[in-house]
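Have a look at these structures, which come just after this line.
One chain, chain A, links the two complexes that follow: it is found with chain B in the first and with chain C in the second.
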Partner chain A sequence: MSRILDHPVFGKIHERELVSFQFDEKTYQAYKDETIAAALLANGVRKLRVHEESGTPRGIYCNIGHCMECRVTVNGQANTRACLTVVEQGMIVESGKQLPNIIKRMVEQR
Partner chain B sequence: MTNIENMIICRCEEVTYGQLLSTANEHKCSARELKLRTRAGMGFCGGRTCRVSIDKMIEHVKPNITPGDIPLKYQPPVRPVTFGTVGEIK
Partner chain C sequence: MRDVIVIGAGPAGLAGAISCAANGLLVTVLDEFMKPGGRLLGQLHQEPSGEWWNGIKEAERLHQEANKLAVDIRCGISVYNLEQEGHHWHVHTNTGRLTARFVLVATGAAEYPIPVPGWTLPGVMSIGAAQVMTNVHRVQVGKKGIIIGANILAFAILNELQLAGINIDRIVLPEKTPISGKAAEPEEIMKSLLQAAHLAPSPLLRFGGRFMKHDWIRKLGLTFFPKNGVKVNGTPLQLRKAAVEIIGKDQVEGVRVADTDVNGMIIPGSETIYEADFVCIAGGLYPLAELAAVAGCPFQYVPELGGHVPCHSEIMETPLEGLFVAGNITGIESGKIAMAQGNVAGLSIAKQAGKGTGTIDQQLQQAVQNIRNVRQNAAIQFNPEIDKGRKKMKELWKEHYAKGDEKFHKIG
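Right, the complex of A and B next:
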């Protein structure tokens, strides 16, 4: 867990309850009331999804909820913003996968 | 920035500055036409990241830009919603 424990401006992080959640079949620990994006970043996971078309890795960009780059699937609900959703105990998070674009491929082959 | 050509302007659709510039110069198009031709601004974020830069680029390409030229439209839904939230019958 790599976190700034003693920030010059915000001060020390006081000890908080740990919550465990699952991201892509791996279990991670997170502080209570922390967003999924922050928890994954603390655990060293920066790649939250891949671009649906080209597959390039994507992760946190604006971290305030309007760029939609951090969208993940939480408990089966797709396209939830990881930077706004708070981690709960036993949450199942899946990263975004590359999707096949059949029609575009057909058009290209013609 | 080594090469400004492949600087990504529209993150959601991965449209680079070079593509936008060449399309704008080739077709002398307005912001809307550029959006239609390159899909820049049609991505998941609804143009939040790249709307301003596409509008600005047009002024650079077409110097005699009339203020009346229509900027990029805000396409509903303003925020992505699932069909469930819109039409689910509980």
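Right, the complex of A and C next:
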């Protein structure tokens, strides 16, 4: 996706400082003071994680911190909301992965 | 030590903080978002006068006013619990515990989700999420979108997305299920749009509003509702189409849509797939009231106010000593109402703290009257029966909690 640099009522966005960060070991550029969710979407990334149990893909849903759908790992801190966390230079962001569900597998095999 | 902790830096919280601070109280405002303004940020519409209501500017104005009064505003802080101890409240946050005698809970609203098969796919978002991404973060949410759900909020944000050059292909209803409820009933949608006919987004609805007061005419209107919908700012509103499934592998690729009869029931064999790379779900708003609940505040279900709301008086007190509420947590209305309520809550707190001049009672009375005036002049009304809802809460308060009443029971 691209950015909305000009707007008929809000006007133009002026030059902003750029920072770089990593998402799943790939480097992306973001504007200073923008959220991880906005920066990734601007870079064309919608998928932020997979569901821990089912492995199905997830992205932002509410974008204001209510739903927890955009949870990612930021500098080692798990379950951080991408929509409320501002990108910082050198930040390491990782998507959520599918986790083993040993008990469910045991139940299924009975 | 601080006197007041305000939770939420939106229109209600900031206005409340300002009127507390103007009366000499020390105030700290907490908010999860990275900048103050709450959901004022992103609001953009043209008033009947032709003037633009720019929420970002309103937020800046309130922020500056609060700064002038030395209000301590802390952003990026999440509150997860409220505890009463003696005459004080402990506010638990992700960065530690804060304490004050008074707490104003101004947490606003959240969106009702409408679970449609496929709604967990990346690219599906609430309509409010699209608003924030577009107007606050200035990032395009996609190239071509479909809105599921037709209500006032959806039309307001449709307009904002179009202003930013985002293409919305169509608005359809969700499939009728026990969860989607009224949002999937073409007649209910028609009725709610007609109640707001003076601001209806389509000339047809504006025109129709005068004639469609009777049920049978409305039914007739739906029977002959154009299959391709009526245009709302150029986007077709299709009341006789329902989203059956959002499809895509790793992200949204389209929506499977079926034709429906006048009751919203799917006509077999009528399914079509419309391509899209994003979908907005518009389920409407409900008061975000968990913090008042964990504090132990009694609640009442008032559908006209948007759902379960903490019991509160006209001057924004709750039955719990030192705990106040303002804004959408008390009922779904506009940002202007939230500001007017915040002002009332602030004056109310100042009065209880023994602050303010001799005219504080008069100021409070005027501020309460101001809420009514703002409501009467509102261009957008989320619930046409809002007055009824407010009246219900007023009577409930009088019956159960008004001072000096023997029936008062402290809960929590």
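Assume the second predicted complex is superposed on the first by the 108 of 110 C-alpha atoms of A that agree within 3 Å, B and C clash if a C-alpha of one lies under 4 Å from a C-alpha of the other, contacts with A are read in each partner's own complex, and residues count from 1 in each chain.
Rule of thumb we're sticking to: a contact is a pair of C-beta atoms (placed from the backbone, for glycine too) under 8 Å apart; a residue touches a chain by one contact, two chains touch by 3 or more.
These figures come from a predicted structure and were not determined experimentally.
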Task: Touched partner set for A:S2, first chain B, second chain C, both or neither - done: second
Task: Which superposed partner A:T56 touches (first chain B, second chain C, both, neither) - done: both
- [ ] Pick one for A:N79: touches chain B only (first), chain C only (second), both, or neither.
- [x] first
TODO: Going by the touch definition up top, name the partner, chain B or chain C, that contacts more of chain A.
DONE: C
TODO: Considering only touches as defined above, state whether A:H66 meets chain B (first), chain C (second), both or neither.
DONE: both
TODO: Could you tell me which stretches of chain A are touched by chain B in one complex and by chain C in the other?
DONE: 51, 56, 61, 66-67, 69
Task: Residues of chain A touching chain B in the complex - done: 51, 53-54, 56, 61, 66-69, 71, 77-79
TODO: Would you mind writing out the residues of chain A in touch with chain C in their complex?
DONE: 1-5, 7-10, 13, 33-35, 37-38, 41-42, 46-48, 51, 56-67, 69, 83-84, 86
Open item on the list: With touch defined as at the start, can you tell me which chain B residues reach chain A in the complex?
Closed with: 11-14, 44-45, 48-49, 80, 82
- [ ] Flag every residue of chain C that touches chain A in the complex, lowest number first.
- [x] 32-34, 39, 44, 52, 54, 56, 76, 78, 110-111, 113, 120-126, 128-130, 132-135, 137-143, 163-165, 250-251, 288
